[in-house]
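Pasting in a structure now, in structure tokens, and then I'll have a few things to ask.
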Amino acid sequence: MTEATFLPAERAKLQSNTNPSPRSDPMKLRHVIESQQFTLPLLMELFTRSRGMERIVARGGSLDYQNRIMAALFYQPSTRTRLSFEAAMQRLGGRVLSTEHARAFSSEVEGEQVEDSIRIIGSYSDVIVIRHNETGGAHRAARVSPVPVINAGDGDGGQHPTQALLDLYTIYRERSLDGLSVAFIGELDKGRTVRSLAYLLAKFERIKIFFVSPPELQMKPDILEYLDEHGVRYELESDIDRVIREVDVVYQTRIRPERMKDTQNLKRYAIDSAVLQRMKPDAMILHPLPRTVELDKTVDTDPRALYFRQAVNGLYVRMALLTMVLEK
Amino acid sequence: MTEATFLPAERAKLQSNTNPSPRSDPMKLRHVIESQQFTLPLLMELFTRSRGMERIVARGGSLDYQNRIMAALFYQPSTRTRLSFEAAMQRLGGRVLSTEHARAFSSEVEGEQVEDSIRIIGSYSDVIVIRHNETGGAHRAARVSPVPVINAGDGDGGQHPTQALLDLYTIYRERSLDGLSVAFIGELDKGRTVRSLAYLLAKFERIKIFFVSPPELQMKPDILEYLDEHGVRYELESDIDRVIREVDVVYQTRIRPERMKDTQNLKRYAIDSAVLQRMKPDAMILHPLPRTVELDKTVDTDPRALYFRQAVNGLYVRMALLTMVLEK
Amino acid sequence: MTEATFLPAERAKLQSNTNPSPRSDPMKLRHVIESQQFTLPLLMELFTRSRGMERIVARGGSLDYQNRIMAALFYQPSTRTRLSFEAAMQRLGGRVLSTEHARAFSSEVEGEQVEDSIRIIGSYSDVIVIRHNETGGAHRAARVSPVPVINAGDGDGGQHPTQALLDLYTIYRERSLDGLSVAFIGELDKGRTVRSLAYLLAKFERIKIFFVSPPELQMKPDILEYLDEHGVRYELESDIDRVIREVDVVYQTRIRPERMKDTQNLKRYAIDSAVLQRMKPDAMILHPLPRTVELDKTVDTDPRALYFRQAVNGLYVRMALLTMVLEK
């Protein structure tokens, strides 16, 4: 969902706190479609709940969701994201309906509209988690759904807000978010998770962002304009070395070699033990995973490597989100 | 399953009330394979239970099925039907085993017999829901299964009895079934759901059916003979206009353009706002979904459009069916 | 996993009884990777628990596993094995995460390493059941997993230890294992289940094994060497007739015709009613299923046919294994 296609009035409706309905609790979420929805107080509420979920899981407990059903409706396979949401719902004590082939929704009709599917699945379930292959797919779903919709990634140019929320939570668990400097590295023009996280970072004070990528894969203007409007400092870079010594967070993403002009440069955007030595001793290395060559396995044992911690934090953040949208 | 391949003695065995066993409660179901099984008293029992399920779901409750397992064994993908059954079992408090790729049952053996799979899955589960690609597949399954089998659609020329039951329940919730006039529109020769519903309607008094389709796609003789035998009035039509003003139910189904002799005629079998104006003010529009061009989205907001109501009724009817076959 | 690739020190770690940790109960299992792990006392513990599971299932009960999650991670589809494990976990009262397309783990990255997937899934779940397409895949998973790993089959030349355990349990339920004579028939060089069962049989006294197959598909030397080392008598045969009258167990497996030099011989390795007549009256016929022509359906009604009993025993043995690895 690009900024342009999502009208302000519609964005407001995603949260009932901007909706003059009886359900006007400002901490209330209806749908989770894009990062920009999340106000600072809502983020803090989410993070407080996520901490609570850590404690519940640690003591092997669960919550009282045994009569609630989450439908995972994936139009593209993404086993890890799907299982993370399914585990979150089950750790709450809830139940799951699941498909990773929603495009083959029927053996009969090609090109069925997502709206019809959502209306129907929404009559079976209490919340729908959707991964859609088109940008804006989750928003189309939310417009007609009788139950809350959570965006689990929509299109190459869309968002993946729960990934961004778990990324932010992972940093938040380590240090204050104000004053943070972050390097996003990789294939940024199609970086759904980077886009979603940039929107969230703009809510904090004195943030500095470095977008590090080959010029042909740099971050798109819509995000840069958003950062300008919100007074966030950023720089476009093509050389890791110029930023690696000063950043607090290295947010690494993959680069598909076939999208680079010069694949000889691929190694210049990778993190390995040599790059590690130049990083701050208290830096954090994040990666949404899966990885290929851009993140060497020798990094795994470094205490600054937080990417497996991101995965487990994803469980807590998704549990917390589910409790928020399922609240009556 | 065509009439011809299903012997009367075998049909009798589908219900334990015709089976001289100790389990001879006349309201008892063993397998659900075809519409014809359902006597009027059994239909009324099912509908009474379905109403009860509506109330249980409305108050967020569930039943005592936490130790019962339903296996959904789909040889063809049909996400909507599969999730409807899975939601039904979970709303009862039960558990689900699921596959939408039963044909890829093994990475080793091509063309495995459905009988072996059923014997094995039946030793893991308490009820099997099967969607099979061949007409008669569900009946083959029931013949060897150690647990109840429910047909979730078998072959192009087979049946889809639970769809017909939810269709009938949707009409029943609105008005008396006796004296009903129904137009079936679309590609009727391969209309699994239309076939199953026609069998059910034949159980009621003073029914009038119009089969409306291009001549090359008209209803097959076996159903027409069945209606003749049961004294049900019907007419074959190729023009919607001749029937639309007088029918109580418009049961719309898709037409695949490639199956029509003249695709210019496709629009003549579609329901849109112009057709709506000619319908009775208290008519009902049903469609098994998914839809393509034969049912315009402008119809969705008309109070006579009941096709999304059909989906939620499917949940209640399937919950009720599961309680009936799982009763000890 | 061949003998060669699995170092003794690593094998020892699979069980905590050889691991000088505080969790040093000799009946304790950490991972289930290969048959050789199982000592005689551990086998007897497993079989005693399996009997208990039979009783729990028979009375429709379940155990106290409602907050435990099993992840079924299948890199190859194997619906039957997957559903058997999922049913086992659900009969214990537990919960299941499931994928039969783990290779399409992400829509983004080809060739993701199993290690990363396991680390992540292991942070969502309490036990991982893995089917991997490469020999040694389950062992690679166990090396990095934060939770117990159970091998549900790895590669053509690997193992399928839970299948072998349920095979052995099926025989054990009928008679004493010491002094048993067993004919393995079929495509033995790629027989994952035969390999795993041969390792287990070697733990008992006075076992005699006949490997019956076309010479080009005979059992590989690594298993024969293992039997030599453990003093187990065996013979290589190419003719069923020479052994069928004297064996206690006929363990039949499929033969893919395209792997035989002379497909005219295919029928010579099949079990049909003629072969039945030559077998001992108290013999047992086992088959891991699925079957093709090598096991005629006329055999199904013979009381010596135990292959559907194997399937239900698989449920009990997998329930028992899950309780053992999930014990705290």
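Annotations for the structure displayed:
Note that the chains take the letters A, B and C in the order they are written out, and that residue 1 is the start of every chain.
The criterion applied here is as follows: a contact is a pair of C-beta atoms (placed from the backbone, for glycine too) under 8 Å apart; a residue touches a chain by one contact, two chains touch by 3 or more.
Since this is a predicted model, take the numbers as computed values, not measurements.
With rounding to the nearest 5, the Cα superposition of chain B on chain C corresponds to a rotation angle of 120 degrees.
Although chain A and chain B share one sequence, what matters here is the overlap of their interface residues, and that overlap falls short of half of the numbers used.
Averaging Cα coordinates per chain places chain A and chain B 40 Å apart. Residues of chain A in contact with two or more other chains: 98.
Residues 66-67, 69, 71, 95, 97-99, 101-102, 104-109, 111-112, 116-117, 119-121, 123-125 of chain C are the ones that touch chain A when the two sit in their complex.
Partner chain B is touched in their complex by these residues of chain C: 60-62, 76-80, 82-84, 86-87, 90-91, 93, 98, 100, 254, 289-292, 308, 311-312, 315.
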